[in-house]
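Chain nomenclature is as follows: A, B, C, D and E, assigned in order of appearance, with residue numbering initiated at 1 for each chain independently.
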Amino acid sequence: MIGLSHYLILSGLLFAIGLVGILRRKNLLMLFFATEVMLNAANVAFAATSHYYGDLTGQMFAFFIIAIAASEVAIGLGLLIVLYKKTGTLDLDNLATMKG
Amino acid sequence: MDNILSILVFFPLIAGVLGFVVDKKSIRVYGISVAIVEFLLSLWLWSSFDGNNPGMQFVELVPLIPDFGINYYLGVDGISLFIVIMTALMTLLGMIAISIERDIKNLILSLLFLEMAMVGVFVSLDAIIFYLFWEFSLVPMLYIIGAWGGPLRIYASIKFFLYTFTGSLIMLVGMLFMAYLYQSVSGVWSFSITDWYALVLPVNYQLWLFVAFFLGFAIKVPMFPFHTWLPYAHGQAPTIGSVILAAVLLKMGTYGFVRFSLPLFPDASVMMIMPIATISIIMIIYTAMVAYAQEDIKQVIAYSSVSHMGVIVLGTFAMNAEGVSGSIFLMLSHGIVSGALFLLVGVIYDRRHTKLMSEFGGLASVMPKFAVIFGFMLMASVGLPLTIGFVGEFLVLLGFYHLSPIVTILAGTTIILGAVYMLTLYKRTFFGPVTNEENKKLNDLDGKEMIALVPLVLIVVWLGIYPKPVLEPIDNSVKSLLTFMEKKAQTPLAKEKITLSQTSKEAE
Amino acid sequence: MEKYLYIALFAPLASSLFAALFGMSPKKMFVGVIASILLGISFLASVVLALYVNQTGEGIHVTMMEWIGAGDLLVPFGFLVDQVSVTMMVVVTLVSTVVHIYSIGYMDHDKSFNRFFSYLSAFVFSMLVLVMSDNFAGLFIGWEGVGVCSWLLIGFWYHKPDVSVEENPSISPSWAANEAFIVNRIADLGMLVGIFILFWNTGSLQYDVVFAQIPHLSEAVLVAAATALFIGAMGKSAQFPLHTWLTDAMEGPTPVSALIHAATMVTAGVFLVIRANPIFMVTPDVSYFIAALGTFVAFFAASMALVNRDLKRIIAYSTLSQLGYMFAAAGLGAYWIALFHLAAHAFFKALLFLGAGNVMHAMHDELDIFKMGGLKKSMRWTYIYMGVASLALAGIPPLAGFFSKDAIIETAFNEGRLILWAILVLTAGMTAFYSFRQVFLTFEGDRRYEEFGIHPHEMYKFVLIAMAPLAILAVIAGFFQSAFHSFITQLLPNYEMSAHTHHLVWILGAIVLAFAVGGIALAWIKYSKGLKRSEKVENGFLYKLLKNQYYIPKFYADFISKPYAMISELLWKSVDMKIVDATVDGIARLLYNGGDSARKMQTGNLSNNLNWMGVGLVSLLLVATITALIG
Amino acid sequence: MYEQIAFYLFSVLTIGLFLVTVLSKNLLYAMTSLAAGMVLVSGFFFLLGADFLGVVQLIVYVGAVMALYAFAMMFFDATKDTKENNTNGSWIFLLGGLTALLLVMMFAAPIFSESVVASYPSVEGATNPQNVGMVLFTKYLIPFEVAAVMLLVAMIAGIILAGKKMDHSLTTNEDNIEVKTLSKEEEL
Amino acid sequence: MLEPISVSLASLNLGTLSPMLITIVGGLIILLIDLIKGDLHKSLYVMFTILILFVAVGSVLGLNVNERGFFDVILIDGISIISQLLVLLASMLFIPLALTSKRFHEYSYPEYFALFLFMIAGFQFMVASDNLILIFVGIETASLSLYTLIALHNRDDSYEAAVKYFTMGAMAAGFYAMGSAVIYALTGSVELYQIANVLQSRTAESGVMIAILGGAVLLLAAFAFKLSLFPFHTWTPDVYEGASAPLAGYMSVVPKLAAFVVAMRIFGMYIDLEVEWVRNAILALAVLTMTLANMMALAQEDVKRMLAYSSISHAGFIMAALALDTTKGNTAIFLYYALFMFTNLGAFTMLWISRHKNKVYHSRYDHPFAKFAGFVKIMPLGAVIMAIFMLSLAGVPPFSVFWGKIYIMSAAVDAGYIWLAVVMGLNSAIAAYYYLKLVVYMFLKSPNENDGTVVYNLTKPLMTIVGIAAAITVGSVFIVQPLISYFFYMVSASGY
């Protein structure tokens, strides 16, 4: 029988995958993908918990996470466009004038 | 005028703020006038002070942050009264003697702010208000050293600031803990020192708190091994900075011992007598030797300050009226004498722009007045009887002898070693033939310098011959302090070591 | 009578302050005159007081005002004129009056004439405070006061440069002044400790209170107090090992040497022992030590005087030697004899010094007796004065020295201290020898000075007249021995020779006299015809040892001064700067550099930033997991 | 049984696809696999009975978000292999592996508790969208409205950031000041 | 079948929503104004924004303590009221800084002001709720607006800053979501008071602790990012450097304050539940943060960047107070921010006043220390005021931050954490160095040649703001008492 733990472990794994993505990506666009993975991991956990407790709050949270993810994408891409226009690249390593 | 203390504190502040408007050319006269008024006010304070009352007088108490127990709480007793007067006096004389022309306005205004802070430290009876003035005094001093000092001025001023700042922050933690203890006993927050006095603390708390306060005070004094900021500060500071620093700022530390450490932690103070005496002896002997090795006149006097402060600290922990009164008197005398010596060094620095002894020699022939006053202050500094320097030193050593003859004999070497470095300094600078061509045409003291120095000479003689008007109020307050400590002490050791004098026993 | 007390005390102060007013002006004759007159007034007042005390047999005790009052300590400015102090007052004011007048002539050409009188009078004031004070703290005021005046006066010619030790053993006046001050300070510490001991055990510093308490004090306390006080006395009276400053102090003008370093200040130590006799009387061990040390110093100083070539230094050594005699007497309990010798010595020694001053004046400050000789023609009066003084010093009857010194030697015999007696007798012979060696080398024989182109001349008349009282006293003082005895023993414990000694007194006296005459005769034989130097003797070990003052100054220089300077330098440059300060700066630098390296984590690279966050999360998770699993 | 199979299948696929998203060097692959992974996640939602959530996931994520990404990709002209100088692999994977391990340990704990009472249980007989609607428009009305504001913010931000006005910065456009630079900085 | 749900308007307690509603509506009005008539001068929007904020302040003041509204999603307790007040007040001080004499890109957008108001609404929702969902949405609303505001400064540094902030923020959002998920899985609730109830019964269960701590760690990581605690702080200096000076000053106060309130709610709950690990972790992070940030600030060459590190260190300071979880500690947080706000904003305003459009003093920095060399000669009053701000930040009495500092240290002492107070003291001493460094430059060094342009950006509104900040910094001793008593009352009323 698939229990809550199964879903949560899955969620944990997805989260770790997202984390790895964030940590290793140098292309900003692809880095954003990884954040989506992380948020999705949380969504899975919420939906599963919601299911196993028979409580709808989890689904609510998941909705809002989706909304937030969407907004983030909008703003993130807006920023990327500005950045790209100015610098012509999305490579993180070019984004280190401020340091120290 | 019951609120004379507030006036004393805030008059220089307001004068300083208003001074921003005063024209640059008139600022010097403005500053001196303000300082004169302040000095007169302090004399007024003395004249209306009741010398037979050992307690706090002119008390003002206005709740400031009642929820946190912070009050605007001022008062003065025999212990602080004269330090206040000396502060006003030294500021005045220092200001008269200023020879700096550059940015004089800023200098004068800084001095006025500094005066406010200094007076504030000595009259506050609330720990936080005390701390407030204590810390604030660093700021103008930082500016004075940093802006008008020698080549290493910035290093010296920052070192001065950070070093003392660090120590006092630890002290602040101690204060907060003290307030907490008071609160846990009485249920009310209070930072008022007089409230704290009533608090009987367990000995281990006393020890920890003693150490916390000690760090704050010791760095200020400065006690070995926390003294190294002082030679830099003095070496780089302009004359006025050194004068104020030596005369007043250092006294804050020893005053703190008397005001806080002794009455708050009588048992711990008694237990710490020997460690502190050891440090004091190191200060006395070690710094006297270091002073002997100096090549710079000002550095000699700077290190000699440390050495003398060692005697003062020793007296503070003598635990009898002779020693403690002597120590407070010595604070005054050291303030006046070292202040005068720094003024004197400033005199030749102004003329030659060097303070190296090797540059001089035979000045006694060229500048006889200068030599006379210098020699006079030198004798006061080495504690010649009938000068102000003797009374305090004698009392301190006398007082501490009761606790430990060995320590006293070691500390007594100050009269020998002090003579060694001071006379060597005097010989190298003033005696012998005039070898340096540049020294042959030096002018003797001018009117301005005489105005600044002669009053100090008179005070040195006056208080050397007739210290009673000053010593008696001090002694009264000290006796009541010791009686209080003895009552409060819990350990038999403390009861044994704290010696009450006959007169205070009768008073009970 | 109090009026006279104050006059006697404050006239010198007035004189000093008056002279100080003109301290920076060029020479003003009236300053010297007025100072001398004021001193004379002081002397007269002292004499009046002495007569009063003699008449009534009571002292005068006044308390002028309170000085220091703290805790239980109450020190007033109190003055006591009793037999002891009045004796000292008369001696001091008399000698100083003479010296003041003398100085008018001697300092004639000095541009700091006025300043000199200011210092000199200040010294007299301090000395009077010292002897008149009714408590130990007051005594200490005078004690330090004379120290400072001594410093000022030794260093009076401060402008002279430092020279090497070979050229001048005292290096320079300012060096000698500092040495004197510092050495005295060492002893003063002992004195202070003595004062502290007395205060904490008796609760007061007043003589009468303290002495009244003595029976209640433990022996340890008394021994400690006596020792400490004697250490103080050793400094002022230049007893071994603190004696080196006295000969160096001869750098000062000669009147100073006469007044301070012969007649008055250096006897302060003896005065202290006499003053505090109740303490020393109950501490026989300390007293015996004092006597032994005094005897030793008497011999030790005399031995150095044997070979010295410096006119003033020879007299200085003789002073040292005589101080030893006084301590021997005081240590043996014959306080009145010590005081008597003190007074007598003051007269003839001051005379001797002033005579030396005349010679110096004539010889243009040349002091080497090997360069003098045959001065008797041009300086007859001086020769007479110095001859008389030397005879007195040698102890030739009926001059003053005979009575006082002989009594001391007798005392040693009487006490059964035969070794001390023998040494003292021997020393008496040496004293006679070196005194007359000096006199003869100076005044007799060939005129060695001529090759240096010096034309000596006698001192001013008024100066010579002023010296007369001293000469007279040097001659006749001894006759007052018994009168003085009855006067002084009203206060001081009486000391009488035992019957046994009394029987032998003539024999003893004869032995001493024989030594003295022998010494003079030897000197006459060797030196009256002129200087004969013997290479062999001068290169001998003993001669060199004596000439170099037993190498003690060198020892002090090499093993105290130089190491002190070296250690000071080391403490400053290595310990203070390199350890203490460097630690502080090190902490600061550590923080700064730590911050600077920590900045490297701020690469500015977003990827790194994210990694830091990842690392943070994982480490927190890791710690949390471990905690959860353990706990 | 079928639920188990579906779970494991979907799990493996999701993990695989997301791994591709994270590891692939090709932007197109990464994006495609992300979209596919999200579809699979919505599959989980359906499995868990959160039908409405699943639909939203499909529409918003797979539809809108991926469309945005697609546009962005075209804008950035990033179809080619991006040269990524990725951070040192082993270190990152160690970190990721450790995270995974720790999270798995954490989630392997008996998190589920019978004692937990659902605050907003599904109403008997109502469909999932109805249930969702009831909670969303009562309890979560405010968050919902705030989310609307948030989306408004995102919209405005997107518009102005991508707008033409950003091309000419007023900030760096000097009006009148001459440029000067300091000499070498003084060290404190 | 389904029944329509009827909800009475009264039970919704609409008043609790009014402050947020006002700011949101204000933002919408600004958008409308822009739609109707473009090309209006920024001063209109500035003043309008201030008015809106005034109204919002008024409505916050009208709130009753400890009310809930809208199905208990909105929580108006004491701390939400005071934090809203502080947020609004700080915003009112911030927004006039748009009225510079030189043109900067962001102020040409009316949307800038609208976004600003939305951001404030986001903060308000954050602090006025104990529902993790609403908190999350509030955080994101505020953050997304903030990213945009930063980027709108429109130069290379600001994009870089915005992107960095955004990306790390997105990661933190992931942490937050995941942490909430864990908590939800543990308790079946996303409302803190219920979570507390359930967790209380579950802390004793065996094997669950790992999940409890895990959830806490994820949330802690998310908030550590917001509060810039080590090692999640790396964005702070870069973002502050890239953002315009006023915005940097604003960021160092308002978002952090809001985040602190949420952190207080969440971690206070853990500590109340006697999950000591959380307290220790927070303390460790706090101590590390203040120490390392202080050390790194020592070596900075740019004032703004130095202030960024300083604000990290201050955050560490406050975080330590949070870990105490005593009423006094929590009061101290608000007191500290109330006092710190003026000083810090004042300091950043001084930088703003001296800001040039381009980097004329240094190839990278706008405000290198050297720029302020001899400032006292050029603008004595300005130098004095800046010095007062610096000394205040260093904790020199009697300036404002000192009072906050001793209150926090006192709270630490009371809670038995004397070592913490000592660490705070020592850190203040280290910090004094870099604040002094600026003072030293301004007062003790001689000015650069031809430096009349240091006060390039000065206008009357800016002077007013600086004046207000300076006045409060200097006269703070008189406002501490009312603040303490008000805050203490509010905090204890809300049970923290």
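Here is the rule we use: a contact is a pair of C-beta atoms (placed from the backbone, for glycine too) under 8 Å apart; a residue touches a chain by one contact, two chains touch by 3 or more.
The shown structure was predicted, so the numbers you read here are calculated from the model rather than taken from an experiment.
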Contacts common to subunit C and subunit D (chain labels): A, E
Centrality ranking, top chain (CA atoms only): B
Result of counting contacting C-beta pairs for A-C and A-E, higher pair: A-E
Distance-maximising chain from subunit D - centres being C-alpha averages: C
Whole-Å separation of chain centres (CA-atom averages), subunit C against subunit E: 78
Subunit B-subunit E separation of Cα centroids, rounded to whole Å: 43
Where subunit A and subunit B are represented by their mean Cα positions, the distance between them in whole Å: 65
Whole-Å gap separating subunit D and subunit E, where each centre is the average of the chain's CA atoms: 26
Residues of subunit A touching at least two other chains: 4, 8, 11, 15, 18-19, 22-23, 25-26, 31-32, 43, 48, 53, 55, 57, 60, 64, 67-68, 71-72, 75, 78-80, 82, 93, 95, 97-100
Residue list for subunit E, restricted to those that touch at least two other chains: 133, 137, 140, 144, 147-148, 151, 163-164, 167, 171, 182, 185, 188-189, 210, 214, 237-238, 433, 440, 445
Junction residues of subunit B, two or more chains touched: 154, 162
Interchain contacts (touch definition) - all pairs: A-C, A-D, A-E, B-C, B-E, C-D, C-E, D-E
Subunit A to subunit D touching residues, read off their complex: 1-21, 23-27, 29-30, 32-34, 36-37, 40, 43-44, 47-48, 50-57, 59-60, 62-64, 66-75, 77-82, 84-85, 90-91, 93
Sites on subunit D touched by subunit E in the complex: 102-103, 105-107, 109-113, 115-119, 123, 125-126, 130, 134, 138-143, 146-147, 149-150, 152-154, 156-157, 160-161, 165-166, 169-175, 177, 179-183, 185-186, 188
Parts of subunit B lying in touch with subunit C, wherever the complex brings them together: 159, 162-163, 224-225, 227-229, 286, 289-290, 292-294, 320-323, 325-326, 329, 362, 364-365, 368-369, 372, 379, 382, 384-386, 390-391, 394-395, 397-399, 401-402, 405, 408-409, 412-413, 415-416, 419-420, 423-424, 427, 430-434, 465-468, 471-472, 474-475, 478-479, 501-503
Residues of subunit B touching subunit E in the complex: 20, 63-68, 106, 128, 131-132, 135-136, 138-139, 142-143, 146-147, 153-154, 157-158, 161-162, 165-166, 169-170, 172-173, 176-177, 179-180, 183
Interfacial residue positions of subunit D with respect to subunit C in the complex: 87, 92, 95, 98-99, 102-103, 105-106
